[in-house]
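Order as written gives the chain letters A, B, C, D and E; numbering starts at 1 within each chain.
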Amino acid sequence: MIRTLYRPKAGPFRTDLQPGEFAAALQDADGLLWVDFSGTPPDEDAPILLDTFGFHPLAVDDALQEAHVPKVDDWGQYLYIALHAVVFDKDAQDGEHVDTHELDIFLGKRYLVTHHDEPIAAVDRVWTNCQRDERHLTAGADHLLYELADGLVADYMSVVDEMDDAIDRIEDEVFAKPTSDTLARIFQLKRSVLHLRRIISPQREVLNKLARDDYPVIDARDRVYFRDVYDHLVRLYDINESLRDLVGGALDTYLSVINNRMNDIMRTLTVITTLFMPISFAAGFFGMNFFQPIENPLKVWTSNPVFILALVVMFLTPVGMYLWIRRRGWV
Amino acid sequence: MIRTLYRPKAGPFRTDLQPGEFAAALQDADGLLWVDFSGTPPDEDAPILLDTFGFHPLAVDDALQEAHVPKVDDWGQYLYIALHAVVFDKDAQDGEHVDTHELDIFLGKRYLVTHHDEPIAAVDRVWTNCQRDERHLTAGADHLLYELADGLVADYMSVVDEMDDAIDRIEDEVFAKPTSDTLARIFQLKRSVLHLRRIISPQREVLNKLARDDYPVIDARDRVYFRDVYDHLVRLYDINESLRDLVGGALDTYLSVINNRMNDIMRTLTVITTLFMPISFAAGFFGMNFFQPIENPLKVWTSNPVFILALVVMFLTPVGMYLWIRRRGWV
Amino acid sequence: MIRTLYRPKAGPFRTDLQPGEFAAALQDADGLLWVDFSGTPPDEDAPILLDTFGFHPLAVDDALQEAHVPKVDDWGQYLYIALHAVVFDKDAQDGEHVDTHELDIFLGKRYLVTHHDEPIAAVDRVWTNCQRDERHLTAGADHLLYELADGLVADYMSVVDEMDDAIDRIEDEVFAKPTSDTLARIFQLKRSVLHLRRIISPQREVLNKLARDDYPVIDARDRVYFRDVYDHLVRLYDINESLRDLVGGALDTYLSVINNRMNDIMRTLTVITTLFMPISFAAGFFGMNFFQPIENPLKVWTSNPVFILALVVMFLTPVGMYLWIRRRGWV
Amino acid sequence: MIRTLYRPKAGPFRTDLQPGEFAAALQDADGLLWVDFSGTPPDEDAPILLDTFGFHPLAVDDALQEAHVPKVDDWGQYLYIALHAVVFDKDAQDGEHVDTHELDIFLGKRYLVTHHDEPIAAVDRVWTNCQRDERHLTAGADHLLYELADGLVADYMSVVDEMDDAIDRIEDEVFAKPTSDTLARIFQLKRSVLHLRRIISPQREVLNKLARDDYPVIDARDRVYFRDVYDHLVRLYDINESLRDLVGGALDTYLSVINNRMNDIMRTLTVITTLFMPISFAAGFFGMNFFQPIENPLKVWTSNPVFILALVVMFLTPVGMYLWIRRRGWV
Amino acid sequence: MIRTLYRPKAGPFRTDLQPGEFAAALQDADGLLWVDFSGTPPDEDAPILLDTFGFHPLAVDDALQEAHVPKVDDWGQYLYIALHAVVFDKDAQDGEHVDTHELDIFLGKRYLVTHHDEPIAAVDRVWTNCQRDERHLTAGADHLLYELADGLVADYMSVVDEMDDAIDRIEDEVFAKPTSDTLARIFQLKRSVLHLRRIISPQREVLNKLARDDYPVIDARDRVYFRDVYDHLVRLYDINESLRDLVGGALDTYLSVINNRMNDIMRTLTVITTLFMPISFAAGFFGMNFFQPIENPLKVWTSNPVFILALVVMFLTPVGMYLWIRRRGWV
């Protein structure tokens, strides 16, 4: 789907521009044009980007291939910027995880071209705001870019908060009832945190460049806004690092708790064995055929006093063992 | 609560300035004004900060949202500085842990504006000193900032000392009687240390900038004081790193001690099994029905000499096993 | 094998140039010569490289020894560039692993010399393209270099994708049925990822230099193409780092799963022992010869009521043990 | 204790200068004064440092508080330098460990002021040398500083050597007879190494600054001496890093050796159980009351041939088990 | 032993120069002198180095003490360079390990002084080459230095190859038959790799400086040769890092394999216990004295049908257990 927002220098605000009219709109030195390509096939986009807008083939190539880390390229008349939107899929079959969708942006002095394969919530929000209130378009194309970047980062913030909650839930689970599924979820979260890290870090660099460097298509007075988004990304990166520590801690806890349980299990096994093995031997001893009742000189071994003695031994041995075990702190 | 300290160029020291009088006070080129917003609602603060003081909306936004890593922004006429105060909550339900509260500061040539949601001990101490002794105000707004920063860092120092003690107590506990609760407390401390690290490190950078860079609102001769606070933060960071090592060491010790105990338990199990299994078999052997007393050619197997022999075997086997075990160093 | 492609200023395109004709071709200021040494013995290459092309002995030495990390050396009239092609050997006897082959390139203003010991797919592809369509040669020697670099990097991309799949398969295997062979394959993959990392990182630097620095033999307008390859390498490095994390995660998972299984096994052992040891003792107890049927005052111990009682004990003990175990969460 | 060395421009060498005479000595443009404060109370030192020498309050504060990482502050007329001396306490109750004592130095053009709370061997050695041979004082105050730094570093070297020996002893112990005490000592050593690291690293930076930067109180020709001390510190840091690796290796070895022992223990348990459980069952089988001698159709089960068979089974089962175990490499 | 090579401006090549003749040789502006001190006592070397050559006392001190990391000091008229030769001792009593010997070099415009305590193979090779072919001396002192450095690095390469082989052998051993000795050898190799790393890294820096910086005693045209040695060291460092990864991998494999074996052992123990404990109880049950043949109402419990039933139970219980165990994947 290709949709357009066009505020001409003179005349009414339009949302129904056709691709054939782009060239004329770009000539309007005081107008502002926003074209959004959403999930359109490459062979439909490419001619518009290459011919109508005149972008460099390499830049168009970067935009149409959905596989880039965030970056900003200065092509003089326009900037090519790749950012990533984030989605936290809580109900995915393979556990809650984080997905990112690439958002490619061409920023010119009087136009903004956005391209994405999947719908992106932040883009839709800014789009709706622009339709509702025309003034969003009067601040210029670079301010629109700021609103997009700000919207993307706000989504990151809520994703990171949800991940924080997920880690808290897992930590409680680890101490309460650690299962193999807990382990799988810890690793899933670890992967999400690492994934976010790899995205936030270059995205931060992009905003840093926008805030610091001198680009012809960005008004110097607007840089302070990019600086603000940059600060949010710095904080995000920071929180994400702390999530990494927490996930790592959860894994360590898991292993320690499993170790503790193993210890418990082995202790029980050892206690049971220690208590019963000696007296089982005693019982077996008196079950030997040496002590048959008939004409046996050893008959005295099965007399009543010996029985009393055996009972006493069978009672005292486990008691002694138990006391010894207790002194070692095993029960 | 909004409170003010005002030392006008001429006339008496005042603490009862109303927000409406701020504008006039700011005109006084030789006066000094300190306004402290403590836990006031954002919609009460915002107009004063935006309109009366004329701070940039982005800076005010940063101040009102309690979610920033320490930083310093130079807005020309004033500096926006975010610092963090520290609190060590020893009696929290979920274990002793460290909390930090954000302190936002606007530093102008003749005024200081502080904003915080929670009461901060260091701010109150400096406030009280200023009220008690007017001279604290004569050294200028930047010197007030130094006193605040110095107070905050002093609190860090005592928190770090308390954490050091907590680690010492845990280390003793690990060697003496490690429990699952010990483990939880080690992880809680680890988290506190990591939290402090993330706060101290950018805070150190803020002070470094204040000590090194040329800001119009900071007197060049006062930079040496910020350098002093910076040195304290370098040392703090250092100590915190060593706490991190110690906590990591405590965890390693915990796991090693648990491992040692498991070893002990298994050794006991093995010794008991090794001693009793062979003689239990011997007892079972002579309990077989082959050796019935009646008309049995195998009757000789239950004769007295054999009994003596069996007794000897039953005595010597465990002794031999014990000696073998002993040679392997297991008992 | 030495093969040549020669597009002279005037006259037809030639592929049959003999080494003796190189000198003349190099004099042709508007021609373009590509010589490819593929697996030729050093003593055949050396004289051509040293005498005909006049390369520095150290550069020729670097080219003939197959043992260099990627690098670029500026020798003024020409660049010496070492790159690596990648091959993923899935059917190797010692498990799937990654191999790299060195590709040495001398880039002059009007010629390109490539040298490799093993056949390299990317070189052959570019060669075929050049033969099929002469225009590949008209863009200049530096554009040929770009096509070679782009081809090499495309191969990396597919190798990295295959490794990604291999890791996915191993992860499923780890959770399903971890064996000693799984472990060996995890380590093999880890080694491949580390190997790639050591190659991609300097290769990225080489492309960065080609894109950024001013070399006499590279047209400034062509640098943007090397920048594009550089961006692909940045992304590759990034993906490779995430593979590293995933392999590390797979190893951690493996150990955790093994640990979980050990826990399971020990729990079973303990449950069985706990259930049967006490009642085995009980059975042994009543097997003692004290309770012989003949003229024995203890005869009452083997009467029917006692039997009922013993049966009850033998039934209730394991039930009680089971309930206790269940409360501890072991079954 | 305050002690002084004074070599006036003219007249005899003096060691009995009183604090009241310092001011006069400082006026002597060609004399050299060394004042050493050793464990004196702060309220005794402060006035001399502040008033007589005129040091900045912040610098004096740094000197009197014993809690700084090594650093150098340039106050123009003088340098404030904090270094650390090292002591290896081999007989401490809580294991051999490393202590460091702070040495604060004020270096002026014609004077050296040293301040320390604990006696420091290197200071005493240099002091004695100066008393014995006046020429040590003629080379200037900066050369005295060099001698002090050199002496401190020499002490580090011997401490590091002793720690190296301690690690060697522990390594032998780990392979021979690892105990819980070994573990505690490994962690103690690890702590010492980390402590040294935190001290050596900034100390190295201090010497680097002295060797590299241009300070008015240090003769440019003497910088080469500080460079020499710097080189020693580089090497020290290096050796310390290798000690860190060795201690880490000792801990890994400890855990591996413990793991090996556990393996041994479990193997023995399994072998004993595997050998005796089957034949114990066989013995129990023939102990059942089915095979009573009196009027029993099953009497044949207890006949002599069956006995022989049972004996054979009882002999062959363990032999078979043993062979199977042996093939698996457990014995 | 002190040996000399002297190529005077005029006259024959000499190898018999006496220390007394050095001073004269140094005056010869077009000659070239190489003096090699091999294991000579310091008090013999020092006067020659200090007085005849006039080296700075600190530089001579560095040369005579065998305890420096590689470095280069520029003393204006000459360079002091410390390099390390490497030896791989395969037959050492405490396992194969790497040793390094310091080689101290003074490089002047017309002379080279080398000093080492142990014989160094690379020095001897270059020496022999010079004796055999005088032209090695005509290229200047800096070219001799290049030949020495190149020779040292070539030795590193072969040592690293031998270590690579050693790691391969150990890896095979780990999977085949891991013993306590394997562990000790892994740690020995780890130490060697770490040792090499600490030497190669500064050595690389030395060569980088020689290749890059402007030294009066090094001909600018010869820098390209040092660049070549530098490239080899870069590659060496790289390979060494990969050895470090491989050794770390071998240790991880070792622990995993040991863990797997432990798992195996415990599984066997559990299987044996699970199979035999229930039927041992059954046998014990029927061995109780309740079922005496004489005048016993319970006599029916020992009748033939019950015996058949008991046999069936004794056969089916282990079969059922086995099937359950099998379903869990333990056999």
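One rule holds in what follows: a residue touches a chain if its C-beta (ideal position, glycine included) is under 8 Å from a C-beta of that chain, and two chains touch if they have at least 3 such contacts.
In this text the structure is predicted, and so the values were computed from the model without any measurement.
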Each chain counted as touching chain C and chain D at once: E
Smallest count of steps, each to a touching chain, taking chain A to chain C: 1
For chain C paired with chain E, centre-to-centre distance based on mean C-alpha positions, whole Å: 25
Distance from chain E to chain A - Cα centre to Cα centre, in angstrom: 40
For chain B, residues that touch 2 or more chains besides their own: 259, 262, 266, 269, 273, 277, 280, 284, 287-289, 292, 294
Touch-based graph of the chains, sorted into line, ring, star, complete or other: ring
Chain order, ring traversed from chain A with chain C following: A, C, E, D, B
Footprint of chain D on chain E - complex, ascending: 56, 58, 61-62, 67-69, 71, 73, 177, 180, 183-184, 187, 190-191, 194-195, 198, 251, 254-255, 258-259, 261-262, 264-266, 268-269, 272-273, 276-277, 279-280, 283-284, 286-289, 291-294, 301-302, 304, 306-307, 310, 314
Touching residues on chain B, where the partner in the complex is chain D: 175, 224-225, 227-228, 231, 234-235, 238, 241-242, 245-246, 249, 252-253, 256-257, 259-260, 262-263, 266-267, 269-270, 273-274, 277-278, 280-281, 284-285, 287-290, 292, 294-298, 328-330
